[in-house]
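Next up, some structures in structure tokens.
Shared chain: subunit A. Partners: subunit B in the first complex, subunit C in the second.
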Partner chain A sequence: MTSPRLAFLFVTPALLFLAAVLGRPLLQAVVLSFQNVGVIGTTGSWVGFENYATILGNTAFWNAFGRSALWVFANAVVQTIMALGVALLLNQKFPGVRIARTWIILTWIVPTVVVVIIWRWLLSTSGGMINPLLIQLGVIDRPVGFFATREGAMATLVMINSWRWFPFTALMMLAGLTRIPGDLYEAARIDGAGAMKRFTRITWPLLQPTLLVLGIVGTLLSFNVFDVIWLVTAGGPSQATQTLPVLIYETAFKGYRLSEAATISVLTSILLMTFALLATRAMTASEEAR
Partner chain B sequence: MKVGLLTIAGLTSILMSSAAFAEPVSLTLWHMEQPPHRVQRMQELLDEFNKAHPDVQVKQEPQSWGEIYAKAPAAFAAGTGPDMLFAIPDFTTVIKGIDAVVPVDDLAKDLDAKHGFVPATIAPYQYDGHTWAIPAYNMAISMWYRNSALKEAGIEVPKTWSEWKAAAEKLSKDGKYGVGLPANKQLYTDQTVYALMVNGGAADIYNEDGSISFDKPETVASFEAYGELQKLSPPDSTSWTWGEAEACFASASCGTILQFSVINTYETQAEADAADLGVAPVPHADGQSESGTISYSNAIMLTTKDEAKQAGAKVFLAWLMEPANYGRFLTMEPGLFLPVTNDGAEAESFWSDPIVTKYKSQVETMVANAKNGKLFGFTTGKVFPSIGAISGQNVIAESLQKMVVDGQSAADAVKFGQEKMSEIAGK
Partner chain C sequence: MKRTLPQSFVLYSGLVVVLLIIGLPFWWVITGSIKVPREIIARVPTMFPQSFTLQHFEKLFQSTDFPAYLVNSIGVALFSTVITVALALPAAYAFFRMRFPGRAALYRLILLAYAFPTIVVLIPIYGFFAKVGLIDTRTSLVIINVAFALPFSIWMMRSFLSTVPREIEEAAVIDGAPARVILLRIMAPLIAPGIASVAIFTFIASWTEYLFASVLIVSDARRTIPVGFAGIIGQYQIDWGLLLAGATAATIPVVILFAFVGRWFVSGLTEGAVK
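Let's turn to the complex of A and B:
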């Protein structure tokens, strides 16, 4: 058996499993998107592309799409900076580095609801710790509502979500860093390269494959985040944090427009699958070029 | 041979029918009273009922309000729904919309004759010629404060909006907030805003013909008053639900709040000084003479088409409403759940609870306030299906956010609410 056929044979069980658990719901969503079902469990009639016309002409959809794009970008930037810093630190040799590498994962394994309760309490103006701390440090002169304004709510949510996810990203980057041969750094040092030059000429280029994979996985994961947003702001204030997953939930289960929610889901799936396909091709091309 | 077969068939038939008769009716009750102490009290009551009624066995399956709007319709569609389901008025319209609830006209009539329902508690469940649920307990928003804080500031309990604002301004000092009003897009904000709307003459959001009547001067005035008070609230109140308001009051950071009850948190997390805890009707507009409020009666729907199960459920509900049992049901959360029946309001089993005894004057005030309660979408005697989506999407709260967060005028915010409600009602 040739190598590609053998490879296909190995991935077939996984593909069948995915088809069973994802294919059918996705197909149902597509069927629903061509109907006019309201409350879950009821039936509807065939309406063709009416829902697609409604959704694509709806500003709420495009606003949520814009917020999702902002959410993904902001999370990517913040998480990459936080994770890279921590990964570089954990790649050094110092006493307790193994404990630190294990300890760092803590925020990632804590259940989302616990993370949300912790942060809501910390940021509260009634008994929270952050406001008094900022007042003592002279940063603010009176308590502020971190979720009181549109910009503040989105920025605070990005910080909470990044705090939760950056350890995972940091560990992935750390794995990438440990694969970089140490003799490259040794040779660079002998040639007189400083820390910054070693980072820009060795670490950063050789970390690219890891960052590319993280970029794809991270984008897909970030885009689909619902729990943190829903539990902290429920899409507010005044829709400021209403991303596409939140809009889908609100449309289906608060507005009782299941078919419209299914339509947004289908459009979102197409968008994410296109992104994944293009990103994977770019990654393959990049590997082949190397 | 033929006679023998007939005899065997006859005996088998008798045995089978007697076996069917002996089989107890098993009922599943979904409720949304998730806190462990409420589940425990419910189980105690169910154990007692099941022991006294071997032919009807009821089991509870606690659910969450956050999920039930999606979960219940899906369960009924899959044929795995409960036989009895707790409800609030707008949720009933959703379940009725999928034809999963059966009328309880006779039972409601019998229970009313025997125990006397407080009219405001059953009215939201009576429309389209039927009664769709049996009220179980009532909740009404009141204004909570500390007597000592008002005395120290030299102010009387506010009765009007202008008095309330003046009081809140005086109480806002030393890092404390005179009032704690939410502005989140959430049910709690719907409730507090509507509490002011009721007191500003804007209780009706529907016209008789089902069109929306939200945009009117009374609603705008209510929004303006709310906005003025909200400015004196903590800055993070735009993300508050019930818990944060209670916490703000318990920590004495908020001078006055609108809440169903703060007794539990005040007792367990604050001073627990019953003499200092004040409760009063929600202040009314300066031109009005009497206070009203928003009140929610939670009810129990029958959601089984099986006649034997319906009969069993009626036995259970009749048992639950007996004053000796009903008081213990209400005090699964003492000081929060209020009686919906006249004899329940006098039941020894209710008033003998230690917390209710300790805060008797507060509970009496809450019961009195509840009698003037209204609920948005259920005030005109007609109920329109769109109220489920209007309530579910928190349109009142969303409109308020247009003013509080986006800086729009009260008139524009109310106009937005009118348009959004009309859009929902038109679908």
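Let's turn to the complex of A and C:
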């Protein structure tokens, strides 16, 4: 209906902006990874693949990689379970359902720093609510330091991050649930299928495409989480929660090894892109097979 | 369809559990901000405040830079929002209502922005901003926020644009209206909920952004809430009353905003997801 020239006029500002602010720095990160720049603002010389050799032979990198994988996986499991439960609830009719569907996302709209303060306080041993609560429920018999052990710190961070994100995930799942035709449930009910059977035979299989998309998007989103980790544990105790973004940040802005940080980011990007590409391909393939 | 008694029980007890998981932490923090210090760190926490004081808010607004952080955050978020909408609306319109060569490829390229770890961009951007004198300016944060919100915003507009019948545009074209007029006078009002969704998404994303703000801003007076507030955590011997007051004060603006446009935002989010 309209000329391509006009369409270009409409997309060009956005494209130029993205190219300048995201595209160019991305390419520069690649350039930086082949140089030996230390402190920001200084210049370096070309070193070929030296940084890549250093990083790939560095146990700190592989440990952070493992933690990132664990982080993404644990967040996916916890958030999927919580979000699916909530999405099923919000898919019902009850008074106030609209208000519930809107305000459920409260944990996601407040600044991360607020989330951090909420949980640091609630989990603290001086005045925090969680320790007395757990003691009263009989789960523990004396106050525990949630960030004191390596495993404890990681698990607690996963819970905090999941608390922030599960409502968002739940709303995405709800969108998938509302797309399942109601007649399917009616028909199943007439055939005498119980609630459990209706879930395993209708809801679960028909929700697969939504879950798959969320799996991909969620992986990228959780992988990138930096502020919650940084502000709660700063990667500790003794690197137990140092995921790849934390490692990159520390390498660049605490260790002043800019080129090495760039190298880790390039390797990370390759990893994420490969994942996104393979996952999307698998998804389109399964959609075509349907 | 009618629910049986056990089904109702499951539904309502489930809702109560969710309400507690989400609401209780906020309740504790907000009520904590008006408790006297002694009650805040009491060994047996109180569910309902037994004392009332505004001393933490007084300290927050009088002896910390919090008021400046608040103003900076609102300013950065507002500018980011306006610019994002101005760039996303025409781009989304072109992507989803017009034809031009390379459309599909460019759209995919834009979404690729989210396949990279955000931190990759930080290092080169710092060097670039240092060269052009943008370090330690709030403008630098606006630029960053717009860039990260833009791809998602364009994507989110899609479902709203597709709800507008083609006939409306065609009639306008036949009447000889230029595309600019069609976009601003005809489409924009029809997809107002979409524009609101994009606006609130950008506002929230800018309001919570920490990583870039922590590196690009140097002077305390130019900090936004996430970074300035995180500084307060480390600066003082942990003063929970002050931090709880700050958390409450940082939450209120987004809650007010959300009370007006939250419904649109959630529908924008969910409708975009199923398309």
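Here, the second predicted complex is superposed on the first by the 270 of 290 C-alpha atoms of A that agree within 3 Å, B and C clash if a C-alpha of one lies under 4 Å from a C-alpha of the other, contacts with A are read in each partner's own complex, and residues count from 1 in each chain.
The working rule: a contact is a pair of C-beta atoms (placed from the backbone, for glycine too) under 8 Å apart; a residue touches a chain by one contact, two chains touch by 3 or more.
Bear in mind that the values here come from a model prediction, so they are computed numbers and not experimental data.
**Q** If subunit A is used to align the two complexes, do subunit B and subunit C fit next to each other or clash?
**A** clash
**Q** Should A:Leu89 be classified as contacting the first partner (subunit B), the second (subunit C), both, or neither?
**A** After superposing on A, A:Leu89 lies in contact with subunit C but is clear of subunit B.
**Q** Could you tell me if A:Ile40 is touching subunit B, subunit C, both of them or neither one (first, second, both, neither)?
**A** So A:Ile40 meets both subunit B and subunit C here.
**Q** Which holds for A:Gly127: it touches subunit B only (first), subunit C only (second), both, or neither?
**A** both
**Q** One more residue to check, A:Pro237. First (subunit B), second (subunit C), both or neither?
**A** first
**Q** After the superposition on A, what does A:Ala252 contact: first (subunit B), second (subunit C), both or neither?
**A** both
**Q** Between subunit B (first) and subunit C (second), which does A:Ala53 come into contact with in this model arrangement: first, second, both, or neither?
**A** neither
**Q** Going by the touch definition up top, name the partner, subunit B or subunit C, that contacts more of subunit A.
**A** When the residues of subunit A touched by each partner are counted, C comes out ahead.
**Q** Taking the superposition as given, does A:Ile140 touch the first partner, subunit B, the second, subunit C, both, or neither?
**A** A:Ile140 sits against neither subunit B nor subunit C.
**Q** When the complexes are fitted on the C-alpha atoms of A, one of 4-12, 22-30 or 58-66 in subunit C overlaps subunit B. Which is it?
**A** That would be 58-66, the one stretch with clashes.
**Q** Residues on subunit A in contact with subunit B in one complex and with subunit C in the other?
**A** After superposing on chain A, subunit A residues 40-41, 120, 124, 126-127, 252-253 contact both subunit B and subunit C.
**Q** Considering the complex alone, what residue numbers of subunit A touch subunit B?
**A** 38-42, 120, 123-127, 143-150, 153, 232-238, 240, 250, 252-257
**Q** Could you please specify the touching residues of subunit B with respect to subunit A in the complex?
**A** It comes out as residues 69-70, 73-74, 76-78, 94, 97-98, 175, 183-186, 234-239, 244, 247-248, 251, 253-254, 388-389, 392-394, 398, 401-402, 404-406, 424, 427.
**Q** Mind pulling up the subunit C residues that touch subunit A in the complex?
**A** 1, 7, 11-12, 14-15, 18, 21-22, 25-26, 28-29, 32, 40-45, 87-88, 90-91, 93-95, 98-101, 103, 106, 110, 112-128, 130, 143-144, 146-148, 150-151, 154, 169-170, 173, 179, 183, 204, 207-208, 210-211, 215, 225-226, 229-230, 233, 240, 243-244, 246-247, 250-251, 254-255, 258, 262-263, 266, 269-271, 273-274
**Q** So in the complex, the part of subunit A that touches subunit C is made up of which residues?
**A** Listed in rising order, the residues are 1-2, 4, 6-11, 13-15, 17-18, 21-22, 24-26, 28-29, 32, 40-41, 85-86, 89, 92, 94, 98, 100-114, 116-122, 124, 126-129, 132, 163, 167-168, 171-172, 174-176, 178-179, 189, 195, 210, 213, 217, 220, 223-224, 226-227, 230-231, 244-245, 248-249, 252-253, 258, 261-262, 265-266, 268-269, 272-273, 276.
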